[in-house]
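Report on one structure; see the data block that follows.
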């Protein structure tokens, strides 16, 4: 396993992606001018580019309905909504996010990360390290025990009730058994992951989503502003040694934000299987009320000592958690990396301290579409554009990982993007 | 004969709900798409097992109880602030002028828009929720109290003064009972709006229970039948409370209508 | 002297807003966290450049115009359905009984809860938004119209009948003008609620403009000063419309108060 | 004009099931141009009688015949003036007076002319554009009279028109209504509580008994007009009518 | 008891800036146990006069002295009965009558006993638990009287108490108020529009001129009680007072 040090991190080459990415990709709603990309110029001799319509759906909930109903032709969503389309027979998976072209460029792209406020990192570094250690081992556990993890996540997220999607009923656990293997649970800030992160920073700057401190910084400064892997590195070392040092007791209750998503399965597993982690690593998040199906207060126990009382705050979007962090409503959070970046850009004193998982999204097209993979999808999109009825593809929201990836993917393939309503 | 008239009335009253249910079911079978129109069975399945867990968030009854508690807390806060303020604004022109502009400016802002500020000021938890709910209930209670107090007949007050009542007696024995019916209407309307605000309040981060949460959570997972079941329960509870308020009105405040 | 009284009144009216602004600014400097309490300057910066693009979603003015248009459409739809229905329900006991239960059940359900069904039934776009906004405006208009029609004095109708008026004449020349003031109150309240529903409506998928959208979008990006600017604009527009409605009321329907 | 009231009875069934007999076998022939006052204790059915004649209510027995045709529903020859005037508060004086003409689809100029004529008659020419709430009680009463007269009915039915006015205004309006009656030669049925008023106005006074209202006596008042309330014959008649009413109450 | 009204004037400044002189230099000495009626055209300031005496309004000039003390604000010896009765509609008869005792902190049993006494006096014993809206106009008036009497003031101020009642009820209540007056020996100041009523009730009648109200004449009515309206002397006095009022109006 690679152990990036602070120095190693900054020495990772910043650009391993396609050269096209160096060209500004500008899609702003205010003025829909799309800067021509080199690839695009090569493709469209006539000068008029094919179009795809982007629909901002504000979350993924309505997407299956919109797709089944023919209001959209496809969507890009996080898991398990990619699997849901398949299982409910309303769509097919075109491509998982890690496989987006050019081949390998999005491999291990970042998704959810753990962030912690500067305050808590400096006031309770050993606590943050202990949490990191637990997150490392729980990430590991999920990767190796997919089916059991799927059961725990299903239970946490949606209980035992079957999903109803149109005519189909599916058990949540079956959905998650399909979706978890497509998500790469790893707490390792690998070079792929770092590249992906930088790509998001770049793109967010170009899209105008960030315009503050981060945008104006050099790549090195950016890394320093955004990442702080020190707790992670110490944690990693402790895990490898097999001994977790008992941190000082944290007097004030700590709030930890998370998303109601299977991407945060490691957290659910860490809590539901706390006994296992306690026995094996002597570190655990023990629910205060063990009968609660979705505990909201847990204790961090290290080597049998109660270290901290932690309140869990669920949210349906990362940005809300970042607003909370800025208001000192939470001290640590599981959230997608873009909201963390833009929060730092706007002056929130918070850092990304480790990844939770990589990849875990996908593009879905309606069941009746002629597309089967990303190439035929592009052809279909072109054909529809030529016919004068461009595809409508939904994204969960402006500036989300999924939104950014779809925009880059389509623009690189020579499309003009238009937000529709 | 009185009985048959009453029967006919009941019949007329339930025709439309029946028509809607039947049409719904017929259309549901015709369209055969649970996304657009879930079958009544699917909805009933949720409604008739009100203690069964829904999306890992507990049963309908439990969530309804939680929401009702939240609404009651927010409603009480609103009433405790709005009634005294309304009385003062209704009695004293200066107090009215002092608060008027601010109130008129804040009134049109939807509770949903207050979510971020509420989070910042009151943190996550019941305080924030109560704030959002209270915001919704506050204005109808305030404005009706004010109206009620202004509507207290001058001659009642003069008669009381003339009979030797002090300012405090007048407040307690004339202004309060005299404006009570209008105030009650304000409480009724305010409660209705508080109840409607529960969805906005339960969209606050950190919430994982309540009918409003259930509806929005079901929306996030695309579970239409749960949403509709939630709506039915919200409608029913709203109806029950409204009926309670109206019944009290009929019993206690009928003098207002009859005194005309 | 009349002038000085008026000045004093104005003074009293602006004291509280001033206190709030000053306290706000003082606290903002004290807390020094734009996410909790943005400085007045930051808010003014947004408010005073109302055409400048905000978070890639266009300017304040443009978004306000879009929201107003949506609200007007929804409001008109609500009025067009609610007024005739309200008149019929007010005139005929049977019609009232027929619709009553359904209306009482639907009334407490918040527009936000209708989002998913609205999407399924009316698709993405202005129709869905209009539906959600109309839902909010519908009930106050309906109930006030009904009240107004019921409140038309029986002797007015008898006088008209006695003078030879047909049923249609009575409707046009007695019931309508006689209930107009109450109806207008319904329209005023309904418009206020429609305006409050714009945030819910603009949470629909596919929306990328409007004040409600702006507020929720700014929430997602932690731009508290934008949220507050949006709230101020919503408050101001609400206030302006309300003043318009009240002014018309004062000019056209003053007979109701004076006729007592 | 020929108004005949034949054995009119009216019974009200209340929801509780109790029935109230409001009127019992009232028969009366009204002469053209006559001024008839109806006196009787409160609740004896005076208003009910007028409403039946105006076609606003149906009798349980008996009939009202106007020009030999039975009256059912509104009749253009029988116009009622309500106790509360029931002016339309959203219409100014002219528009109120024009109402009956409007619903008869009379062209605007014509109805304006006729309205003006009757507003003139009741002496409100300088208040044409005023709204009811800008008028005093007496003036409102006169607008109601003008509105009724404008449709030119044969019979005016007036239900306690001066009940809510103070003594002075009341005396004034009594004189005025007599003037209008003189000028227009209408037949008038006039309900009142005041014996004085009835004596001052009527050709004939119908005294009703307490509920159910029956005709107790019909008194012809043959005093010359204008009548002087302080005259001895007036006083004697007053005494007689008062005694009748006292008895009517006891019935 | 000793009620003295000295050169009382009252001016109202309206917002528009125009001023209305409602009363002008009214002086009057009221004897213990006297029944005084105040007559005058509408708007001449009768209500204003009563309100000033009751301490509900301040005069612009002059003063009211009760037992040699100037009256400012409510005075327990001067209780007013308003024209609209202003009963508290949310209180039943007993509770209404008890109001004045309640605010004087009289213990419950004692005030119940006193309330019962006065309810008995006005003849409403079987309506103790009824609410105002369940009573007829005349009965409400009597409740108002009982409520005023219960606090045992020296002077009752009554503003057109019978204005809204029908003739029969009115006559009845006139007799009743005289009875109550006889029993309780109160001093009564009684505003009315009806000359008949004033003649039937008063020891002295104060006739006011039109606005601004000045005292036009004070008439002592020396007729023995019970008075008979149909008596010639009664008639003669009526004629005289009516002529005074006609003049008062012209002033």
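General observations
A, B, C, D and E label the chains in the order they appear, each numbered from 1.
Operating definition for what follows: contacts are C-beta pairs under 8 Å (C-beta built on N, C-alpha and C of every residue); 3 or more make two chains touch, one makes a residue touch a chain.
Because the structure is a prediction, the values reported are computed rather than measured.
Minimum number of contact steps separating subunit B from subunit E: 1.
If you take subunit C and subunit D together, no chain is in touch with both. Counting hops only between chains that touch, subunit B reaches subunit D in a minimum of 2. Ranked by C-beta contact pairs, the top pair of chains is B-C. Greatest Cα centroid separation from subunit E: this falls to A. Chain centres here are Cα means. That of subunit D falls 33 Å from that of subunit E. Averaging C-alpha coordinates per chain places the centre of subunit A 39 Å away from that of subunit B.
In terms of their C-alpha centroids, the spacing between subunit C and subunit E amounts to 50 Å. Across the assembly, subunit C contributes 35-36, 116, 120, 216, 219, 224 as residues in contact with two or more other chains.
Counting partners per residue, subunit A has 61-62, 65, 69, 320, 323, 327 as the residues that reach two or more other chains. Here, these are the chain pairs in contact: A-B, A-C, B-C, B-E, C-D, D-E. Listed in rising order, the residues of subunit D touching subunit C in the complex are 54-56, 74, 76, 79-80, 82, 84, 86, 88-91, 99-100, 102-104, 131-134, 147-148, 151.
Subunit C meets subunit D in the complex at residues 153, 155-156, 158-166, 169, 173-174, 177-178, 180, 253, 255-256, 258-259. Chain contact summary for the complex, subunit C toward subunit B: residues 9, 12-17, 20, 35-37, 94, 97-102, 104-110, 112-117, 120-121, 192, 195-200, 212, 215-216, 218-219, 224, 227-228, 230-232, 234-239, 242. Taken together, the subunit A residues at the contact with subunit B in this complex read 59-65, 68-69, 84, 155-161, 163-167, 255, 257, 260, 293-294, 296, 313-316, 320-321, 323-324, 327, 329.
Those residues of subunit A that touch subunit C in the complex are listed here as 28-30, 55-58, 61-62, 65-66, 69, 71, 207-209, 317, 319-320, 322-323, 326-328, 339, 342-343, 346-348, 394, 397-399, 419-421.
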